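Each of the two complexes below includes subunit A, the first together with subunit B, the second together with subunit C.
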Partner chain A sequence: MGSLADFWATYSTLVFTVGIHALLALSLWLTLSCGLLSLANAAFMGIGAYTAALLTLHLHWPFPAVLAAGAVAPAVVALVIGAPTLRLSGVYLAMATLAFGEMTRILILNLDITGGPEGLNGIPLATAWWHIALILAGAGYALARLRRSRLGRAFEAIREDEVAARLMGIHVEGHKLAAFTLGAILAGLAGALNAHFTFFISPREYGFENAVDILTMTILGGTSSLIGPVLGASILALLPELMRFLHAYRLAVNGLILIVVVLFLPTGLWDSRRLRQMLSDRRSRRGGKP
Partner chain B sequence: MLSIRGVGKRFGGLQVLQDVDIEVPGGAIFALIGPNGAGKTTVFNLVTGLLRPSSGTIAFQGRDLTGMAPHLITRMGIARTFQNIRIFPDMTLLENVMVGRHHLLDYGGLALLFATPAFREAERRSRERALELLSWVKLDHKAGATADNLSYGEQRKLEFARALATEPKLLLLDEPVAGMNPSEKAVLMEEIRNIRDRGYGVFLIEHDMRFVMNLCDRIAVLNFGRIIAEGAPEEIRSHPGVIEAYLGRGDEAEAVP
Partner chain C sequence: MLEQQLINALTLGSVYALFALGFTLVFGVLEVINLSHGAVFMLGSYTAVTVMTRFKAPLSIGILAALLVSGLIGLAIDALILRRLRARHAPHLIPMIATIGVTTVLTSAAQGLFGVEVQRFPTEVLPTGEFVFGEVHLRTLELGIVGVAFLLMGLLFLVMRHTRQGRALRAIAESPKAAALLGINVEGLFMLTSFVAAALGGVAGVLIGLNFNAVTPMMGQPILHKGIAVVILGGMGDIRGALFGGLFLGFAEVLSKAYLSSQMGDAVAFGLLFLILLVRPVGLFGRVLERKA
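Take a look at the complex of A and B:
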C-alpha cells in the first residue's frame, strides 16, 4: 500500500493530465467527425476554465454548478460564432477558428477580471480523480451512443460528402453547429476540471500551441474510433515523462516521433479498419499452415 | 406530379435554361434527354434546390419548391442520384442507406443517450427497411461491407437504394447508365422498371437514346437550354427537331459516325 501511495503522490498530476487531455481529444474528435477542422477547442477550454474559476473564486458556487457553467459558457459562445463561421470549410474554417482562438486569448490577457497576463491564482483544489474518470467515462459513453444513431451517421455523411448528405434530407448547417457546440461543451468541461487541480491558470495555456496539441493528440491516435483520441492523448501526455533521460532533447525527439507516426501511419495509431485487416490476415495465415 | 413552368437559369451572362416547361407525371418513367451541355443536370439542380431558378416556378404536388432548402425538398418526397456517383465511401452499405432515413427517425437526444425501447425499435425498423431496399437492388448480401469496395455498377445501385430510403414519391436519376457496359445497362434498366412498378415516379436524364427509347413512358428533349419536343418515345424518334439536334442538319449528317 505504501508504494501505491508513493506512486500516487508522484504521478497523480500525470494521471490527471492524461484524463484532461483525453477529454480534449474527444472534444475535437466530435468536431472532426462532422468534417470540421476546428482550432477553437483550446479557446473553448479557456472559456470553460476561466468561467469556472471565477465562479469559484468570487461567488463560491458549489463545484457541480461550477462544472456545469464551465460547460455552458463555451457552448453559448460556440453557438454565436458557429453560425457565421461554419459556412467555411477545410483550411478556411481552420483559419477562422484560429483567429477566434487568438481573439479569446488576447481578450483574457487584457481583461481585469481574468487577472490579465498574471492569470488567476489560488483556485481551490476541487477536482478529484474520480471526477475526471466519471466525466471521461460519461463522455465516452455518450459519444459511443451518438455514433450508433441518426446523429452520428449524419455527422459522418456530412464529412464524407456534404452535398449528398444535404440531398438525403439532412440539415447540414444545423448538424455542423451541433457538432461544434457539443465539442465546445467537452472542451469547457476539461478546462473547468483542469483549473480546479492546477491552482493557477493563465492565458498562455489556451493559445495556438494548445490548439495544435489537441489536434495532434487526436490525429496521432486516429479518428476512426473513440479509442484513437484517448490513446493519442495518453501518449502525448506520457511521452515527455518517459523520455526524461533525454533531458534537453526530449521535445525535439517528441516532435520526431510525431512526424514518423504521421508519415507512416497517416490514419493514426488506432485505425479500426487496419487492425481488423491485420487480425484477419493473421488468422488466415495461421489457418493456411499445414 | 412535378411541374416546371417557364423556368430560366442564367449564370452571369450565360443563359443556360430558357422558358423550360416540363410536366413529370407520377408512377411513370419520364426522361429528359439532350446532347451534352444542353442543361439537363441544371434542371435537376434546380428541382432539388441546389440552385435557384432565375425565373419561373417549380411545384411538386401543387406546392411551390422555389427557394426551398434542399433537405426540405428531399423530405417532401424528391430524391436523386448523381451523374458522378456520390456514395459515402467509408460507411458500410447498410449505413449508407440508413443515412437516407435520417429525417424519418424522430427520436430525441435523451432516447439516443439511454437507448430507450423507442430508440431501439426505431433503429431496428430503420435497419430492416434499409436491408429490404438493399435486397431490391440485390446488394443485401454485402450490407456490412464498406461502400468503396463496390464495383461501379454496384455503387450506382447502392445510390438507388439510398435515394429510395428517403421514401420519395419521385426519384431523379442523373445519367444512371453513364460509363456502364451493355450487360450492366440491361441490369440497371430492369432495376429502374422495378422501381416504377413499385409505384414510384422516375424522372431520369440520359443521352443514350437507345436506352431511353426502350425504357421510358414519356420523353422531353432539351437542346441549348430549351425544350424542343415532348411526347411518347415513338413521337420523339421521328421528330425532325430531335433528329437535327442529335445528328445535325442535312448535309452535315454524313459527318457523324
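Take a look at the complex of A and C:
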C-alpha cells in the first residue's frame, strides 16, 4: 500500500491531466463525428473554466452547481455562434472557429472580471480524482450509446456525405448544431474540472496552441472509435514526462507526431477496422492451415 | 496625429499584404491552407538577423538571405509532406493539419536554436534617416519597408499576368487536371509556387522584424492569424484580394488601436474575419462559385 501512496503522491497530477485531456479529446471527437473540424474547443474549455472559477470565487456556489454552470455557459455560446458559423464547411469552418477562439482569448485577456493577463488565482481545490473518473466514464458511456442512436447515425451520415444525408431527410443544420454544442459541453466540463484542481487559470491556457493540442490527441488516437481519442490524450499527457531530456525541443515532438500520423497513419493509432482485420487474419491463418 | 497613424497603417498593411500574398498563392494553386506560413515568416526574420549580426552583412544581403532560406524551407515542406498528401488525394483538411505540425516543429526548433529572448537587428546597419513634414515624421525605414513590399508584390503581379509561368499557374488554379492535359508541368509549378510563397513570407518576416526591431520565435503566430483574416477578407486564392485585404486590415487595426482601445485592436482582425465569413464567405472580391456536391 505504501508504494501505491508514493505513486499517487508523485503521479496524481499526471492522472488528473490524462483524465482532463481525455475529456477534451472526446469533445473534439464528437464534433468530428459530424464532420466538423472545430478549433473552438479550447475556447469552450476556457469559457467553462472561467465561468466555474468565477462562480466559486465570488458567489461560493456548491461544486456540482459550478460544474453544471461550467458546462452550460459554453453550450449557450456554442448555440449562439453555431447557428451562423456552421453554414460554413471544411477549412472555412476551421478558420471561423479559429477566429472565434482568438477573440475569446483576447476578450478574456482584456476583461477586468477575468483578471486580465494575470488570470484567476486561488481557486479552491474541489476536483477529486473520482469526479474526473465518473464524468469521463459517464461521457464515454453516453457517447458509446450516442454512436448507435438515431442521432449518432445521423452525425455519421452527415460526415460521410452531407448532400446524401439531406436527401434522406436528415436536418443537417440542426444536427451540426447539436454536435457542436455537445462538444462544447464536454470541453466546458473539462475546463471547470481543471480550474478546480490547478488552483490558477490564465488566458494563455486556452489559445490556438491548446486547440492544436486537442486536435493532435484526437488525430493521433484515431477517430474511428472512442478508444482512439482517449489513447491519444493519454499518450500526449504522458509524453512531456518521457521527453524531458529533449528540453527546448520537447514541443517539437507534438508537431512531429502530427506530421507522422497524417503521413503514415491516416486513421490514427487505434483503428478498429484495422485491428479487426489483423485479428481475423491471424485467426484465419491459424484455422486455414492443415 | 492622423497622418502619423496613416503612415503606420500603410507600413503594417503593406507587410500584411505581402505575407497574405504567399498564403493565398499556395491556396489558389495547391489548394492547401498552409498554416506553416507564419513559422516560415519567423524563420525568414531570424535568417536576416543572424546573417546581419554574425557576418556583419548589409541589410540588402540579409533580405536576400531570408528570401532564399525561407523559400528553400517552403520547398522542403512541399517535397517532404504536401507532395505525398497530393499523391494520396488526401482531403482538404489533412494537409492543413500537417502544416500545423510543421509550425510546432519549426517554432520549437527556433526556440532551441535562437532562444526565447527577443533578438534585434544591429542598429548601425539600419537606415536612420527621417523626413519631417510639420509634425509628421516619415522614417526612411518605413519608406523602405513599404517600397520592398510593393516591389515584390508588383513583380508577382507582372509574373502572374504576363509570363508563360504565370499563365500556367492561373491555369492550374482553374483545374490542375486540365492543366496537366495541356502539357503544363504541374508538379514543377507546384514547387515553384511553394518556393515563391515561402520566400515572400520570409521577406515579410524581415520587414516586420525591422519595423518593430524585435524578432522572437512566437512572432509567426499572430501574423498567421491576421494573414488568415486578410485572405478571407480578400477571397481565398485571390491575389488582388490579398493586397486590398492586407492594406485594409493594416488601416483597421492601427486606427482602432489609436481611436478605440489599444488592447482590443488585436481583436479587430478576428472580428472582421468572423463577420466576413458570416456575411460573405467568398470574400470582398470573390465570385460565388457553384457548390460541388
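The rule we apply is simple: the second predicted complex is superposed on the first by the 275 of 290 C-alpha atoms of A that agree within 3 Å, B and C clash if a C-alpha of one lies under 4 Å from a C-alpha of the other, contacts with A are read in each partner's own complex, and residues count from 1 in each chain.
Here is the rule we go by: a contact is a pair of C-beta atoms (placed from the backbone, for glycine too) under 8 Å apart; a residue touches a chain by one contact, two chains touch by 3 or more.
These numbers come from a predicted model, not from an experiment.
Within the superposed three-chain model, A:Phe199 lies out of touch with both subunit B and subunit C [touch as defined at top]. Contact with subunit B, but none with subunit C, is seen for A:Leu151 once the two complexes are overlaid on the shared chain. In the superposition on chain A, contact is made by A:Gly169 with subunit B only, not with subunit C. When the two structures are aligned on the shared chain, A:Leu251 is found in touch with subunit C, with no touch to subunit B. Applying the stated contact rule after C-alpha superposition, one finds that A:Tyr11 touches neither subunit B nor subunit C. Comparing subunit B with subunit C, the partner in contact with more residues of subunit A is C.
In the superposition on chain A, A:Trp129 makes contact with neither subunit B nor subunit C. Once the two complexes are laid over each other on the shared chain, residue contacts for A:Met95 go to subunit C alone; subunit B is not touched. Once the two complexes are overlaid on the shared chain, A:Pro266 sits against subunit C while remaining clear of subunit B. Touching of subunit A by both subunit B and subunit C, each in its own complex, is seen for residues 163.
The part of subunit A that touches subunit C in the complex is made up of residues 37, 84-85, 88, 90-92, 94-96, 98-100, 102-103, 106-107, 109-110, 163, 208, 212, 215-216, 219, 247-252, 254-259, 262-263, 266. By the touch rule above, subunit B contacts subunit A in their complex via residues 48, 50, 69-71, 74-75, 79-80, 82, 86-91, 95, 98-103, 105, 107, 112-113, 115, 119, 123, 146, 162, 165-166. Within the complex formed with subunit B, the subunit A residues making contact are 142, 145-146, 148-151, 153-154, 156-157, 160-161, 163-172, 273.
On the side of subunit C, the complex with subunit A involves touching residues 33, 81, 84-85, 88, 90, 92-94, 96-98, 100-109, 111-112, 221, 225, 228-229, 232, 261, 263-264, 266-267, 270-271, 273-274, 277-278, 281, 293.
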